[in-house]
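This structure is in structure tokens; I'll ask about it shortly.
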Amino acid sequence: MQLGLVGLGKMGFNMRERLRKAGHDVVGFDHNPERSDATSLEDMVSKLEAPRTVWVMVPSGEPTRQTVRELSDLLSEGDLVIDGGNSRFTDDKANAEHLDSKGLRYLDCGVSGGVWGLENGYGLMVGGAKEDVERALPIFDALRPEGPREQGFAHVGPAGAGHYAKMIHNGIEYGLMQAYAEGFELLEASELVEDVPATIKAWQRGTVVRSWLLDLLVNALDSDPELDDLRGYVEDSGEGRWTVEEAINHSVPAPVISAALFARFASRQDDSPAMRAVAALRNQFGGHAVHAAGPSSGSGSTQ
Amino acid sequence: MQLGLVGLGKMGFNMRERLRKAGHDVVGFDHNPERSDATSLEDMVSKLEAPRTVWVMVPSGEPTRQTVRELSDLLSEGDLVIDGGNSRFTDDKANAEHLDSKGLRYLDCGVSGGVWGLENGYGLMVGGAKEDVERALPIFDALRPEGPREQGFAHVGPAGAGHYAKMIHNGIEYGLMQAYAEGFELLEASELVEDVPATIKAWQRGTVVRSWLLDLLVNALDSDPELDDLRGYVEDSGEGRWTVEEAINHSVPAPVISAALFARFASRQDDSPAMRAVAALRNQFGGHAVHAAGPSSGSGSTQ
Amino acid sequence: MQLGLVGLGKMGFNMRERLRKAGHDVVGFDHNPERSDATSLEDMVSKLEAPRTVWVMVPSGEPTRQTVRELSDLLSEGDLVIDGGNSRFTDDKANAEHLDSKGLRYLDCGVSGGVWGLENGYGLMVGGAKEDVERALPIFDALRPEGPREQGFAHVGPAGAGHYAKMIHNGIEYGLMQAYAEGFELLEASELVEDVPATIKAWQRGTVVRSWLLDLLVNALDSDPELDDLRGYVEDSGEGRWTVEEAINHSVPAPVISAALFARFASRQDDSPAMRAVAALRNQFGGHAVHAAGPSSGSGSTQ
Amino acid sequence: MQLGLVGLGKMGFNMRERLRKAGHDVVGFDHNPERSDATSLEDMVSKLEAPRTVWVMVPSGEPTRQTVRELSDLLSEGDLVIDGGNSRFTDDKANAEHLDSKGLRYLDCGVSGGVWGLENGYGLMVGGAKEDVERALPIFDALRPEGPREQGFAHVGPAGAGHYAKMIHNGIEYGLMQAYAEGFELLEASELVEDVPATIKAWQRGTVVRSWLLDLLVNALDSDPELDDLRGYVEDSGEGRWTVEEAINHSVPAPVISAALFARFASRQDDSPAMRAVAALRNQFGGHAVHAAGPSSGSGSTQ
């Protein structure tokens, strides 16, 4: 079927390729003219036959909200917009209502798979009305992995549910990654285990901890056995924060996911104000030595 | 090759079957005569030709230590003992030294795979001397999963290293399970996601969180979609505790693994003394209502 | 000076008494006619001479927002409203702007001290304009504890800052309480320490952990040495949640405060869905026994 | 009464002074001749009249164990040894049994108060036999703070119980300090709160969080309002680790105390191996940028 695709970045570019391989007619738009099939959003829409389906794959937050607003002025009654980005689920209700007021349809779709999706397919979690999901099913089927549909695709609820499910998916991902990471550090710290990469590689088959993330860790260790080409500095892109916020909203204990989130925050601090306070307190009550701040802070000198 | 196998419980029984299917000659001993191939440990040893290899697969701690001691009196110089149970790595040094004093050889082998190992093979992490590992390689090759050897087997270091690696493996496992579990609870708590089992099933292909544990969660949800046939009561078998103790020994932060361990401890408490203290404090400073202890504790009545 | 006081509950009632003891003229209003000095909010306002100062001490959220709106219709230009409740700091900006649009002044005041404030005075953190703080200083001085003003009172920033400081204060409080609570449970669990209440009582003087909360724990243990008259069921009133949300907003790691918050959430669950998922997973991979759900769930029977 | 005191460091030196002010006859021994009253341990013992009481105040672990062994050879039947250092409670049983085999008596005493103890007195938790506690009561009374004896002193159980109680005391202390520290960092991160030191100072009276540690934080902020003269690098001296180990031994959840311990571990890492693993994983699945290791690691450059 025909699809407009807004946003041809790391994700959208690959998705266009996968869709085309499956025989779909994709008209992509991106501000980068080298990647774009259209000169403007308006141009892209003009190249699509009604009823149109447009997939939005731009950064979450204001860029997505603005794209949806612009599309709402360009599209015609009955056209369908699918937000496949990492929007917060709270944006979906507003988007759906705004589009609905103009007779337009809306689906939100959580997409997982990263740069590997082109080859492996993307896990898809969709929110919205049943008839809209069915209408876009050929697209979903082309994007999702080979194998039984229900193992890589689900219509999980009304508008917002797709992004909600993706948010929780990513929250889990934070916890999984941190669990492997703590294990890696513990193996590294041990004198007994002499070959850490071989140990982790041996977990790929048969063990309880085998997973795709473990395979990726093996890949990373293959090229950098001590992971010392990079720094332990980790960004976060929002879903982990939102997951903890939802845990708070629903009074659900989330010690693992929040610990993984906080570990990322801490990884980005050159120095921890909190630990300065603890150091100051120890110095106050026990006369314990503190480390002076300063350019030679790495020297470990005490005063 | 020929192998003595002590312990034919949930794990050992399946391992004998897998080894026999691979053409090995296994003489098993178990206190359960219906499973045992020998009437006693002595009888089992007498049925093996020197140099013998004996695999110990009994509960960790005293049962394993005692079996090793008994074997050390029955075996002959050059015989090899492999501890495949979940022993603490600190037991291995003592076992190895005791056996060495009698001219016997020792390997420790961490084994992962649970009841699925019969079919899928077992992930194996081995500690000990290179020549002993090579000697037992046919056994390891029969037990480990199909595929490249290094993806399901590793010789990770000297005696103790195999169990150390298995301990960390299980510590990671605690974290992974808790991450999925928090995600499950969050999905259950949401009003937006209407079909939680379908959502989790859709994560099996293409997504970043796909794993064998996820497949098992899907299995569990297939037969009990809300998991309400069981209670949130979770035992632990030691490796998680030891992992956190090693984190402490090596000054390695392990917030996720420890959180997963503590969640298990809490799951087994009918009532938390700590939270009684918090309730008492809130009552003291703010006159906040407390819930009285008593048989109707589930009623939520306040006083 | 003269003060209108809206809300004569556990906190407001005591505050009126403390203010009157200090010689202030308080006109209180409460829906409970037995406590109220006025028949309505309007009546209360009519009894005050302009320029008026009205202290709002009602539950946070909608009750406070509504009271502020009603007051804004009853008061006159130059009158001052002080919100002394536990409002989220985000409410203050809206309240301040709404009042400002009518020529009215606004302060927010975080108040700590609970039921002991009548006797000990209340710790006060105030947000708003300097001239408004000075105008209400006689009230603040009467409410705050004896001793140097700066040890029980601070003007900490613009509107919202008072409640922000109080929110963080309460977040800290969560962590402190949980630290004592974990220590209490650990002492209870030990066979060595034979007299737990005496141990904790002995921490009241000279030690590093001495505090007012510790004194309160001693009080509680004096009347209930094992704290077994109550259940480990702990409510939360919002500030802890907001503190963790702010930690997320500012990318500040808050492992202790969040752990304390999650412990409260867990304390209110009869059974944990997350731990049901962990139990299900262990059963799936290892055939580990699970505990069946059911009315006899406390029996510890396994299946 | 007469007392031998071994170890005149930061703690022992002050204790000798406090004991002498109270009229006791203290013969101190230290390897530092400027502080010592005796030329050797033997010399110290020779200056005491039987039945002797000797207080050991040297670093925990081997130094304390060795001092106890040496004393056991020098003292006579009926003499009493008190270990007032920060020994692990597991050392006490061995010490008590060793001394008992020579007819000597033993008490262990947890001592809290730090450098302030000279002036304020020390909180004391004692383990051992009742008659030995009574014999040393004049010493305990001189060391403990003014006020009711039971608010600064307790005989909490048999040998080991004193150090056990002190260990838990310090575990709590870790949690308390981290709670204040997180609050400090959150206040620093807020744009609303303009005067962080004044805010914290205002918590000293009337509030729920008032404590001696808070007073010390105020002291620290008085001389360094942003705490930027020091680094967020925090040592730990063992009791926090032991507390978490005991939590594990007794299956007691200790999320706050362990989080505080792990925060200290993390504070001492220049770079986190675990977070390198997380960064590597994100790069693997999503092509997310990583920060290269290297001398300019502080520059935040991405590749």
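In this document, chain identifiers A, B, C and D correspond to the written order of the chains, with residue numbering beginning at 1 in each.
FYI, a contact is a pair of C-beta atoms (placed from the backbone, for glycine too) under 8 Å apart; a residue touches a chain by one contact, two chains touch by 3 or more.
Quick caveat: nothing in here was measured; it's all calculated off a predicted structure.
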{"item": "Interface sides of subunit B and subunit C: same vs different residues, half threshold", "value": "same"}
{"item": "Between the pairs C-D and B-D, the one where more C-beta pairs touch", "value": "C-D"}
{"item": "Subunit B and subunit C, separation of their C-alpha mean positions in angstrom", "value": "45"}
{"item": "Rounded Å distance, subunit C centre to subunit D centre (Cα mean)", "value": "32"}
{"item": "Centroid spacing, where centroids are CA-atom means, of subunit B and subunit D in whole angstrom", "value": "37"}
{"item": "Multi-chain contact sites of subunit B, meaning residues that touch two or more partners", "value": "114, 178, 180, 182, 185, 189, 208, 213, 247, 252-255, 259, 262-263, 266, 272, 274, 285"}
{"item": "Complex interface listing, subunit C residues touching subunit B", "value": "10, 114-116, 177-178, 180-182, 184-185, 188-189, 213, 216-217, 219-220, 224, 227-235, 255, 259, 263-264, 266-267, 270-293, 297-298"}
{"item": "Touching residues on subunit A, where the partner in the complex is subunit B", "value": "89, 112-114, 117, 120-125, 127, 144-147, 150-158, 160-161, 164-165, 168-176, 178-180, 182-183, 185-187, 189-190, 192-195, 198-199, 201-214, 243, 246-247, 250, 252-257, 259-260, 262-263"}
{"item": "Complex contacts: residues of subunit C adjacent to subunit A", "value": "208, 241, 244-245, 247-248, 251-255, 258-259, 261-263, 265-266, 268-269, 272, 274, 285"}
